[in-house]
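Note that subunit A is present in both complexes that follow, paired respectively with subunit B and with subunit C.
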Partner chain A sequence: MMATSAVDMTRQQRWRLSTFLDANFQYWALAPILIFLAVLTLYPVGQLLRMSVSDMAFVKGKLEWTYVGLDHFQTLRNDPVVPDALKNTLLFVVVVVCVEAVLGLLLAILVSRARRFAWFYRSVYMIPLLIPPIAIGTIWRLMYDYNYGIINQVLFELGLTGPLWTANPDLALVSVMIVDVWHWTSFLFLIMLAGVESLPYELSEAARVDGANEVQVYRHIFFPLLRPTIIVALMLRTILAFKVFDQIFLLTGGGPGTSSEVISLYIYKVYFVQTRLGYGALLALLTAVIMSVFVVFYQWLNNYVNRQR
Partner chain B sequence: MSRSNPKLTRRHLLKGAAAATGALLASAPGVSFAQKASTINFLRHRAQVEPITILINDSPWFPGFEVLVNNYVDATGNDVNLNVTPFAGMLEKSRNAVQGNESEFDILNLNEQWYMQFYAGGLVKPIKEIKPDFELDPNVIEYDSSTRWDPNVRYSTPDGEIYGLPINGNIQLFFYRRDLFEAEGVAVPTTWDEVEAAAQVFHDPPQMHGFTIRSKPPNWEYQAYLESYGTSVIRLDVETGEWSVGLTAPEALEATNVWLNLGRNYGPANYADMGQAENLALMASGRLAMAHMVGAAAPNFDNEDQSVVVGNVGADVVPGGPAGRATMSGIWVMGIPHNLPEARQVAALTFLEWALSKEAQLDYALAGAIPVRQDVYEELAGDEKLGWWMKAMGDSTPYIKAQPRLAETPQIVEVVDRRMSQAIIDELSPEEALQEAAEEIQAILEGGGYNVTPLE
Partner chain C sequence: MKKPGTWLLHGVLMLFALIILAPVVYTFLTSLKLFRDIISGSWAFDPTWRNYEQLFMSNRNSFIDLTRNSLVVGGLTLAVVIAVAALGAYSLSRFRWRRAISGLVMAWLLFVNMLPPIIFVGPFYLIARTLDIYDTPLAIVMAHSILNLPLAFWMLHSFFADVPVELEEAAAIDGCSRLQTFLRIVLPIARPGIAATAVLVFVFSWKEFLFALTLSSTPAAMTIPVGIAGFAQEYNIRYGEMAAAAFFATIPALILVFIAQKHIVKGMTLGALKG
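Now for the complex of A and B:
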């Protein structure tokens, strides 16, 4: 009797556990990805937070942490480079994202309407995206060279004096923007093209049959339908543009002066060149916060657009 | 310290065989004494120490270093592995190596701008702790005590203990177009005033520029101007242990004005964006009369694939100001990580001592590297191919000055680069740039816990 009762208990327990697991399976299924996320995202962010309130030094081969509270915030307040770097970064993001979006959309529309060689245009416009950034920076650095660069040589042949592309503080950031537009327009072009080609052809045809002209078709059908695609493309490109590093590192190094200094390059200098790990961590956190604001804005815009639809 | 082992090992067997071969050779008729001695020496050196791995940067002087290592392997039989790394990854790899229980590298190649972090943190071993009777050959140039660290004043001073040994003697030289100077009968300048006078003779833009400054980044060459006017970015009073920032001194303003004047008025229109490569290209393409740049640039002017001025460039000590001439060091030292077993430390030091010998350094120089021995410079001053700049390197030794060598150096250098760059583009006046830089550097030193004299 006793033995039977014990077996029943065990069966009951197993049944309960099995029921519990089945009932909450969706959460268990999420567990691996949550653990993955915690290890790869939350832990580094936690470390970054800890670093931003600490000073670290290598003593006898060991990394020693010293809690410094909000000292790095005080350093940030007095740092003359950060305001310039943030201003340049924001200017860079706004200009390049707008120009690339307009050009990308325009190219996407033109290529989608091309009756011949559409495959060729697609391939050609993708080329800049396929070139490694280090090669792009080097190529453009040589092209921009005031004394030997091909751009100024061509201008010279035309009887013009070429500008000081990277030596003029008023032009240095613009020079980097030109390279960025050349490099990244194809990224937006590809996304926009996918969006344009997925639009229902019947709607615009019906509008035309009803007497709408091209401007009206674009304004009332084409762009409203393409809006979600544009927003996602802008969000992705904004995030990438905010992290611009390689082109500026290779073309201007942030100079002359601080005329083309951007926040990612400055973080690199603080963290890896000056070995100010704690302060560098604070700057990285600051960048992450600003980028989060952009992401939240785009998410809000996306939801807003969806509600409008 | 080698471990004792009572058992017969492969090494004992090899040593015995080597000794027997040596004895046979010594008694063999028809073999000259010199041949016998070198063969015996070779056998005696066969695999004496543990294999070593050296962390070395990929640089224009790397081929010379490779020759040095190959010569060492051939001469001693000791194995050497090279971990060749781009400059950008050197600091990270060096730092990682000294953090673990045992370093993967036996020798770290440390740049002038960060070696002090390794000395100050005890991350490399003082040489005398490896070999108590170690004495540095007086012919090895110490580059204003770059080899040493004095923990009492937290700086490289002549009284400090030896932590690292120099391997690349980068300093600055003054390069000029010898053919043009001879044609115009202009004497080689020894002062900045004479540089300006000569620049006026040759400056004919855009075909020919009189002189260029390095503005991207400016700090290294700019410091030579400061030193030649009797000041420096920072200075330590060894007696009091007190630091001072020299950028608010009137001499700093004079030096800065001279530097700006030469750069703006005798350089190309893009004077604000002239890096080392751009200066080198201008000189090699025959469009520059004078330049103040790293001595290691010299072989480029003799390279027929790169230069149209082969045989027409001369080199001399960097000109000076009221306080004399000055050339800044930008050297590399080799350090032995603290976290190595004793046998590996001994092996590493064995290599370094060999590498600093005169014979090794001569071959090193002939292979295109920058030696670190004064007697090598003096001997090569008469060399047909290298003599024109080796002599200038040797003549520059008394004028070598150190860059700031503190753990905070990268921060200080960043300030100098940024503020002087702002002065070049007229974003700040020279007075403002110096004042702003001085205040920032003062704050860095105070924040680092140094005893600092208040700013003037």
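Now for the complex of A and C:
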């Protein structure tokens, strides 16, 4: 008697547990991603706050914190590299985003008009997005090489003396911009292509019947329709361009001097070359705040544009 | 559009294709050259695999170790990311949630995707040191998991949304629990999409540099990009081996472009235009 009832009990409990789990499936299915986000983003941001008001050192493998208050802010005010890095980052972002947007839109329009080989162009244009950025940096480093690189070789054969490219303070930032345009134009191309392909071609036919020429069709019909896509894509690419690190690390290391120093690279150096974890954390925190404003604005813009459609 | 226009169109498009392909081809050719052919700058040379042998066979380089690390990191990352993102994406795409909650998760993922990763470098370094996983593949897997979560989530979310609800209702009527429905009905139907997501996550992990650099210090955990960057910091530049390493790291991208083109476009632009 006793035995059977005990078995019944466990069976009943198990049944209840599985019903409970099943009824709440949606909650525990979402739990892992929330835990990941909390542990690997919220907690690190908390750490960043604490690090930015501390000095820390590993003593016999154990981390020791010393509270230093606002000392790192003082360091920031006297740091001559930060304004340079900010200026370079802004210049870099503005220039590459503009060039990439123009090229990306042009390519998208052209590819949408090419009936044959469109798949080929699409595939090839996508390649730079998938190559490891460090490999891209290496490829360009070989090509930029003063003595043996192909760029200066070609210039030599044209009777010109090639410049030092990445080692020339006036050209270092331009050199890495060229690489970035090669790398990221594809991204804007893909987004613009999606926009261009959804354009209503009947409308352009109608305009053509009414005597509009090709340029007028694009200017007065397609461009206004594409404007939301272009604005959102520009904003998105602007935010992503601030991440730039890999190629500059490889090609110039931020130099010569601070001529191609950007904010991500400088924070890396503060952390791992100068081993000032606290000060690096303060710079990272400020970057996070500034970029968050951009992201919020992007999200508002994206929602606004989607509502207009 | 009459002949001349079409020729011009394809001419311009081919020129851009050439601009993209030429550097990759140039690197491949350089990787087949001996040093004397590189410095002579001549177009004719005897191709040789020596640089690749140097990369993988000699004691000077540890590219076998680095390749193993890259594969381990990529494999573990995609396993973790797909499992976590699939459950979360299914939950949010199929069940009723308050807008505040679903909106919060979406916005949070957007932030993770868009903020510069340098923000997380310092804390991740401390976490890795404190947990004593610094300079192990595990530390890099931790970073790559969170970096790739948004992309995987958005892609899977859209694939699950395409699965017909009727199938799930039928499964429920036949007595499947929700978990069973998910595992036996939804996952198999969404398999092509999941595979594409997994491949993309792997490639993104394969090419990631910043965290691999800051969370490793020896060939025990270093991945291929970190090894390549090492070449650039040497005083005597080994051009041939550098080119070989860069080309080797590019191979997954070249394969991927031709097998999963459609899905890559989706993955790249989806996160872009969904808030």
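The definition used in the following text is that the second predicted complex is superposed on the first by the 242 of 309 C-alpha atoms of A that agree within 3 Å, B and C clash if a C-alpha of one lies under 4 Å from a C-alpha of the other, contacts with A are read in each partner's own complex, and residues count from 1 in each chain.
Throughout what follows, a contact is a pair of C-beta atoms (placed from the backbone, for glycine too) under 8 Å apart; a residue touches a chain by one contact, two chains touch by 3 or more.
If you're wondering where the values come from, they're calculated on a predicted model, not measured in any experiment.
Colleague: Assess the superposed three-chain arrangement around subunit A: do subunit B and subunit C clash, or do they fit?
Modeller: clash
Colleague: With both complexes superposed on chain A, which partner does A:Ala135 reach: first (subunit B), second (subunit C), both or neither?
Modeller: After superposition on chain A, A:Ala135 lies in contact with subunit C alone.
Colleague: Is A:Ser259 touching anything from subunit B or subunit C once the two structures are fitted on A? First, second, both or neither.
Modeller: In the superposition, A:Ser259 touches subunit B alone.
Colleague: In the overlay, answer first, second, both or neither for which of subunit B and subunit C A:Phe272 touches.
Modeller: A:Phe272: touches subunit B and subunit C.
Colleague: Examine A:Pro32 and indicate which partner it touches, taking first as subunit B and second as subunit C; both and neither are also allowed.
Modeller: A:Pro32 contacts subunit C only, not subunit B.
Colleague: If you stack the two complexes on chain A, which partner ends up touching A:Asn147: first (subunit B), second (subunit C), both, or neither?
Modeller: A:Asn147 sits against subunit B and subunit C alike.
Colleague: Contacts for A:Lys243 in the overlay, against subunit B (first) and subunit C (second): which applies, first, second, both or neither?
Modeller: It touches subunit C, and subunit B stays clear.
Colleague: What is the contact status of A:Leu234 with respect to subunit B (first) and subunit C (second): first, second, both, or neither?
Modeller: So A:Leu234 meets neither subunit B nor subunit C here.
Colleague: Quick one: subunit B or subunit C, who's touching more of subunit A?
Modeller: Touching more of subunit A: C.
Colleague: Which partner does A:Leu171 contact after superposing on A: first (subunit B), second (subunit C), both, neither?
Modeller: The answer is neither, since A:Leu171 touches no partner chain.
Colleague: State whether A:Leu63 touches subunit B only (first), subunit C only (second), both chains, or neither.
Modeller: both
Colleague: Let me check the overlay on chain A: which residues of subunit A are in contact with subunit B and also with subunit C?
Modeller: Correct list for subunit A: 58, 63, 145, 147-148, 272.
Colleague: Help me check something: in the complex, which residues belonging to subunit B touch subunit A?
Modeller: Contacts found on subunit B: 91-92, 95, 98-100, 114, 117, 121-123, 206, 215-217, 268-274, 278, 281-282, 285, 287, 338-339, 410-411, 414, 418, 421-422, 424-425, 427, 436, 440, 443.
Colleague: Spell out the part of subunit A that touches subunit C in their complex, as residue ranges.
Modeller: These residues of subunit A touch subunit C: 18, 21-22, 25-27, 29-30, 32-34, 36-37, 40-41, 43-45, 47-48, 51, 56, 58, 63, 107, 110-111, 113-114, 116-117, 119-135, 137-143, 145, 147-148, 150, 153, 182, 186-187, 190-191, 194, 232-233, 236, 239-240, 242-243, 245-246, 249-250, 263-264, 267-268, 271-272, 277, 280-281, 284-285, 287-288, 291-292, 294-295, 298-299, 302-303, 306.
Colleague: In the complex formed with subunit A, which residues of subunit C make contact?
Modeller: 1, 9-10, 12-13, 16-17, 19-21, 23-24, 26-27, 30, 38-39, 41, 83-85, 87-88, 90-92, 94-95, 97, 105, 107-112, 114-127, 129-130, 142, 145-146, 149, 153, 177-179, 182, 203, 206-207, 209-210, 214, 224-225, 228-229, 231-232, 237, 239, 242-243, 245-247, 249-250, 252-254, 256-258, 261, 264-265, 268-269, 272-273, 275
Colleague: Show me the residue ranges of subunit A that touch subunit B in the complex, using the header's touch definition.
Modeller: Interface residues on subunit A, with respect to subunit B: 57-63, 78, 80-81, 145-148, 164, 166-169, 252-253, 255-259, 269, 272-276.
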